[in-house]
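Following are the structures in question.
One chain, chain A, links the two complexes that follow: it is found with chain B in the first and with chain C in the second.
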Partner chain A sequence: MHAPRELRFRPLNLGRWLVWGLTALLFVLLPLAFRQGFALTLMSQMGIMIIFALSYNMLLGQSGMLSFGHAVYSGLGAFFAIHAMRAIAGGTLAWPVSLLPLIAGAGAALCGVVLGFLTTRRAGTPFAMITLGIGEMVFAAALMFPELFGGEGGITGDRTSGPPFGGISSLTFGPQIQVYALIAAWCFACMIAMYALTQTPLGRIANAVRDNPERAEFIGYNAQRVRWLMLILSSFFAGIAGGLSAINFEIVVTAENVSAARSGGVLLAAFIGGAAFFFGPILGAVVFTFFAVALSEYTKAWQLYLGVSFVLLVMFAPGGLSSLLLMNLRALKFRKFGRLRDPYVGVLAAAAGMALGGAMLIELTYHVTLDAGQGSVLSLFGFPMDTNAAGPWAFAATVLLSSLAAFAFYQRGFRRTWEAIQQEIENSVRDNPA
Partner chain B sequence: MLEAALSQTLYGLSYGLLLFMLASGLTLIFSMMGVLNFAHASFYMLGAYFGYQFSVWMGFWPALLISPALLFIIGAAVERWGLRRVHQWGHVPELLFTFGLSYIIVELVQVIWGRTAVAYRVPAELDGPVAWLQGLGITFPQYRLFMMAVAVGMLAALWLGLARTRLGLVIQAALAHPQQVEALGHNVPRVFMLVFGTGAALAGLAGVVGGNAFVTEPAMAGTVGAIVFVVIVVGGLGSLAGAFIASVLIGLLESFGKVSDLSGARVLGWLGMSVAPDHALQPLLALSLSQVAPVLPYLLLVLVLIVRPKGLLGTREG
Partner chain C sequence: MSAALELAGVRKSFGRSEIIRGVDLAIAAGERHAIIGPNGAGKSTLFNLISGRFGVSAGDIRLHGRPITNRRPYEISRRGLARSFQVTNIFHRLSVFENLRCAVLWSLGHRYAFWKNLNRLSDAQARAEAVLQQVGLRRRRDALAGSLTYAEQRALEIGITIAGGASVVLLDEPTAGMSRAESRHAVDLIREVTQGRTLVMVEHDMGVVFGLADRISVMVYGQIIASGTPAEIRANAAVRAAYLGQEAEGA
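Here is the complex of A and B:
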């Protein structure tokens, strides 16, 4: 008798290869499709935000830690990167610019070791409050050392100062397209690394600590240590995002990179996308950056729109965009989407009317209070409008109120159909387990 | 020297009491509903702006009454149509809801009142220093004394309301055993709505009183909000007495820290050591206490977290 041969069933996971392959392809194809400088800047920032939001979701989605101070790690990482960049330019450090994010990540992880030890001593709501306090502390402290953090003006660097990438003299990261390529490569690598982490024992036990810390402790894990480890790893990736932003902008400012606004921003991004799925924050980062970079070009009220969409999502779809997407896909898969089509048309048309009317009112009000010096006429959706005339106000209010009434009417039918369909799907899943 | 110390103590006390006005509402809401109201400081800011607007329209004293009343309505509405809906999904969505709300309120305030500070002034009746304290050699503004009186009065009313009225007893009971109280026929969701509205009204009152003592600007919610959270964690989550001690402690820390020129280099100087100007630690040691004053509350937070993670008077972990 010889020992039975260990049997392993390891099919080639085609779906996974396909998804990652397509993602890589998308990173390559996007700059070919959108060649303008603005699109390139936007996509570079999206790549940075994707890493940042995914690192945030290692806390929120995977370990159940709601942090209000995650910008500390990305911001301090950015400072590590910019100082290293200056050292490269000064000739005191021999290190390729393309690997600067590694320095940033290591520095941020170091900060995670120290600060995380404090914050992860408590879980749940106290953790949220403590991270807010620590975030404010780091922010205020950074302003006290202008030698190190550049004070109000920030610290600037030059990303082209290092030796060219791979010895090819034209690859100095001067042009934005090369920076995009660098960010895309890092983004892809980080996405894979963070996904892989969810599959490790640590990733799994972090989920257990999120769901039931007491049981996790009973099977022999120290919940506090698991939270701490996850925070250190998460701050490593946040640091990489910070390092990339230092390369992208060549300037790091305390008031921006370490601010509570940035911490809040990454929280919004992760939640809007959906914290329950790995790909949620990716979606959220894309949407958030679009709001923050593209929409802010057109309107000063973008934060208001962002806040309102966020609150609506929390109230009506706490799973975020990804869960909305998956629920609709599921309805499609079970061939029940046809029943939703007509209610969708009514609800979405009414919602579009509400958005239009509301946005008009907001823009008019913003113009009156903030841009009064520029005269009373503003251009809205390409039409000139006079804030002194009653017409635009009355029109906006009429659109808003009538679509509100229409929404109140249509949403009832939509909700009934939606709930019935979800119930039917759940029943059929329960009755015919795969 | 003694007069200066006394005057700083009074300043610190008045700031601490203002912090406690905020922290008490937050603690009440938290211990009752388990909701950390992130928008609490935003209610404080709204109170200040309402106070400014109504005192422009009809004077300070009507504003002192109208603004908290308005905030009561706003708070109750937020609970009724927002929080109650989110409640079914647990505490994190509740916290996020109030976080989003704070985001919106800051923006709305900027739309209505602009991005810079408004000229919200102390009423003329209360302008100037307190006469009898001046006789003792202490310069202390009358308005600050009024602020302390309002805070103490409010807290006494709160305590009386909670401990001595029928409704207060129902609230306390609903705090401990909501299902039991509901079974006895009380409308617990309505009690929650009332508590949330009251918390918002208290924050609003603090805003009306504090807005003109400090600066009324869109950033005020952020600055005060973080400090109030520190107060609550340091005092111990859900403990009113702890919140009181922490508020006063932080108030005193702020007022004494601001005027002290104590620095690491000076302490070393007393010990007979001196720091070379090119020493690596020189920038750190040269910082005086007044320069690091903004960080002091957070350092206290760090200290408490290391020594006593539950908070000064906290009893529970979570």
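Here is the complex of A and C:
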């Protein structure tokens, strides 16, 4: 997660307006470009995951707390929201549906106050272990109270039950596009709020506590208090993500919303994007949701692909996608990217071959082991393939092995050039400090 | 005049071994006081007790007359006592400037604020810039602290220690591991930044000690065997026998 200093994300004032303006524009333009229902579903979930992953990174990247139980806060937030939604429908609560995430956030923050008081007393590995325990504890406790958490079936609600948004009768949050708009607005606001938080005394001291909690105590800060406050704020935003998911799905299920799998998912998203930069988890959330929602439509093996990609990413780009991206941009800025072009072509072509061969083998195997009842022929990339014939297997194995060999060959040259370029840039930065 | 820092009957044991065996010490406000002694005498442990890193087993520690015994490090820091460390102890992944800005935030009353924009806090900005200038790291302002040279990190360590405006400053071997030239530079720096404050320092380099200190205490086996001006310490027969030996002759 260590990044060279000139890689820091520090937009100038003008640049900052530009970045946020373009982000807002993207939120508006995306549904115009992708109009199908599935794309809207996907983008809605991406928006929720972005908030969740950013809130997670307030702990991991900014405060140095590796949590295995962050779904507790988004999940409990979702339950707060769904109960409030039912109360709105029942006429016992006068509150707009569009502001349900606030209730969810406040409820989750309250849980953060209580649970965080326990978890943040320790840092490092003990913290991670305690969050794991608390996660399991809350999960089990939720199943103990079916009236409150709906048992295994979960609790359902109706997002259209409240008064229409802004008094306009057609804005009931019935159609997915309206839900998308609501999520996009919340996502944008939360992104700004969480970025702003990194530029405050607490945000900076959280970085100091992450780097050296003991030293922070000797400059007047109670490291435990800093971690606790960051956890409370982080659970507020996680709760908002949970509230939005309650609105989006109109159902909250303990097994999905509060589970260790969800906690693991957000950890993966933050790591994939890179915890060292503010925008890293945004990239990670988009990629993770793509795997979890889009790829899962096409293949049962999506988790296998996610796992393999994750392992490769951690091995070859431990700083995540964001640091990979910034290092390439830096090479471009220092006019050294040209030297990387040819090595990139070789490496990427070999990697594509490996992905193709590997995916074919995995899909063929999955078909044999899990879908044999549907006959021996499956359609892969639009081509029919017979798992009983030797041809597809041999082809897949040949593609995989030959591209593996090509990758082994090309990666050496790529690595040499890459390292030389990074070293040259480091040297020139050191010799000419800005 | 009441002492800036006062220790009475301070003891510390780890398990069955007693490391600090009854230390009494009074350091006047504005004094530059050096604590010397052979390795293992308990000098750093004494610093750890004063600054709250460890609790004492017995005894009493007062800062400007108020008890700070067994308080947490952040409570003691807030009362105006700051310390540096023998092993460089900085925020490696923050820039030099951010290291210093973090060190001034509490004393300026910004505490845990999450509603203030850091870049608009002109007092913190100005104080951090001033310390940056003082410790001679202006040119390295935006470098990551972890990428500094050893001597630069030591200077930053001192900067972090004094940035919060503490009235009593504890420096633990500030010139350890430095070359002669670096060490001379560090002495000038220490003299400048501790102007008007009370300085307590543990140091092995006798040149630095006799050049800087108004008073010196000699610690051997967890006890202070002598306290006095540099001249008195140099002349003290017990000190010469117990510790200084040839080094005092050379100083």
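Simple rule for what comes next: the second predicted complex is superposed on the first by the 422 of 434 C-alpha atoms of A that agree within 3 Å, B and C clash if a C-alpha of one lies under 4 Å from a C-alpha of the other, contacts with A are read in each partner's own complex, and residues count from 1 in each chain.
Quick note on the criterion: a residue touches a chain if its C-beta (ideal position, glycine included) is under 8 Å from a C-beta of that chain, and two chains touch if they have at least 3 such contacts.
If you're wondering where the values come from, they're calculated on a predicted model, not measured in any experiment.
Undergrad: Based on the shared chain A superposition, would you classify chain B and chain C as clashing or fitting together?
TA: Aligned on chain A, chain B and chain C fit with no clash.
Undergrad: Residues of chain A touched by chain B versus by chain C: which partner has the larger set?
TA: More residues of chain A are touched by B.
Undergrad: In the superposed arrangement, does A:Ala141 touch chain B (first), chain C (second), both or neither?
TA: Only chain B; A:Ala141 stays clear of chain C.
Undergrad: Tell me the contact category for A:Ala39 with respect to chain B and chain C: first, second, both or neither.
TA: neither
Undergrad: Of the two partner chains, chain B (first) and chain C (second), which one does A:Leu233 touch, if any: first, second, both, or neither?
TA: second
Undergrad: With both complexes superposed on chain A, which partner does A:Phe271 reach: first (chain B), second (chain C), both or neither?
TA: In the superposition, A:Phe271 touches chain B alone.
Undergrad: Would you sort A:Gly307 into first (chain B), second (chain C), both or neither based on which partner it touches?
TA: first
Undergrad: Could you tell me if A:Asn212 is touching chain B, chain C, both of them or neither one (first, second, both, neither)?
TA: second
Undergrad: Quick check on the superposed pair: does A:Tyr221 touch chain B, chain C, both, or neither? Answer first, second, both or neither.
TA: The second partner, chain C, only.
Undergrad: Touch test for A:Arg121: chain B only (first), chain C only (second), both, or neither?
TA: First partner only.
Undergrad: Please provide the least distance in Å between a C-alpha atom of chain B and a C-alpha atom of chain C in the combined superposition.
TA: So the smallest C-alpha gap separating chain B from chain C comes to 13 Å.
Undergrad: Determine where on chain A the residues touched by chain B overlap those touched by chain C, and list them.
TA: none
Undergrad: How about chain C: which of its residues touch chain A in the complex?
TA: 51, 53, 72-74, 77-78, 82-83, 85, 89-95, 98-99, 101-103, 105-107, 110-119, 121, 124, 139-140, 142-144, 146-147, 160, 163-164
Undergrad: Contact residues on chain A for chain B in the complex?
TA: Those residues of chain A that touch chain B are 64, 66, 68, 118, 121-126, 128-130, 132-137, 140-141, 144-145, 147-148, 260, 264, 267-268, 271, 301, 303-304, 306-308, 310-311, 314-315, 318, 362, 365-366, 369-370.
Undergrad: Which bits of chain B are touching chain A when the two form their complex?
TA: Within the complex, chain B touches chain A at residues 30, 36, 82, 85-86, 89, 91-93, 95-97, 99-101, 103-104, 107-108, 110-115, 222, 225-226, 229-230, 232-233, 237, 283-284, 287, 291-292, 294-295, 297-299, 301-302, 305-306, 309, 317-318.
Undergrad: Provide the residue numbers of chain A that touch chain C in the complex, in ascending order.
TA: Where chain A meets chain C, its residues are 2, 5, 196-197, 199-205, 207-208, 210-212, 214-222, 225-226, 229, 233, 433-434.
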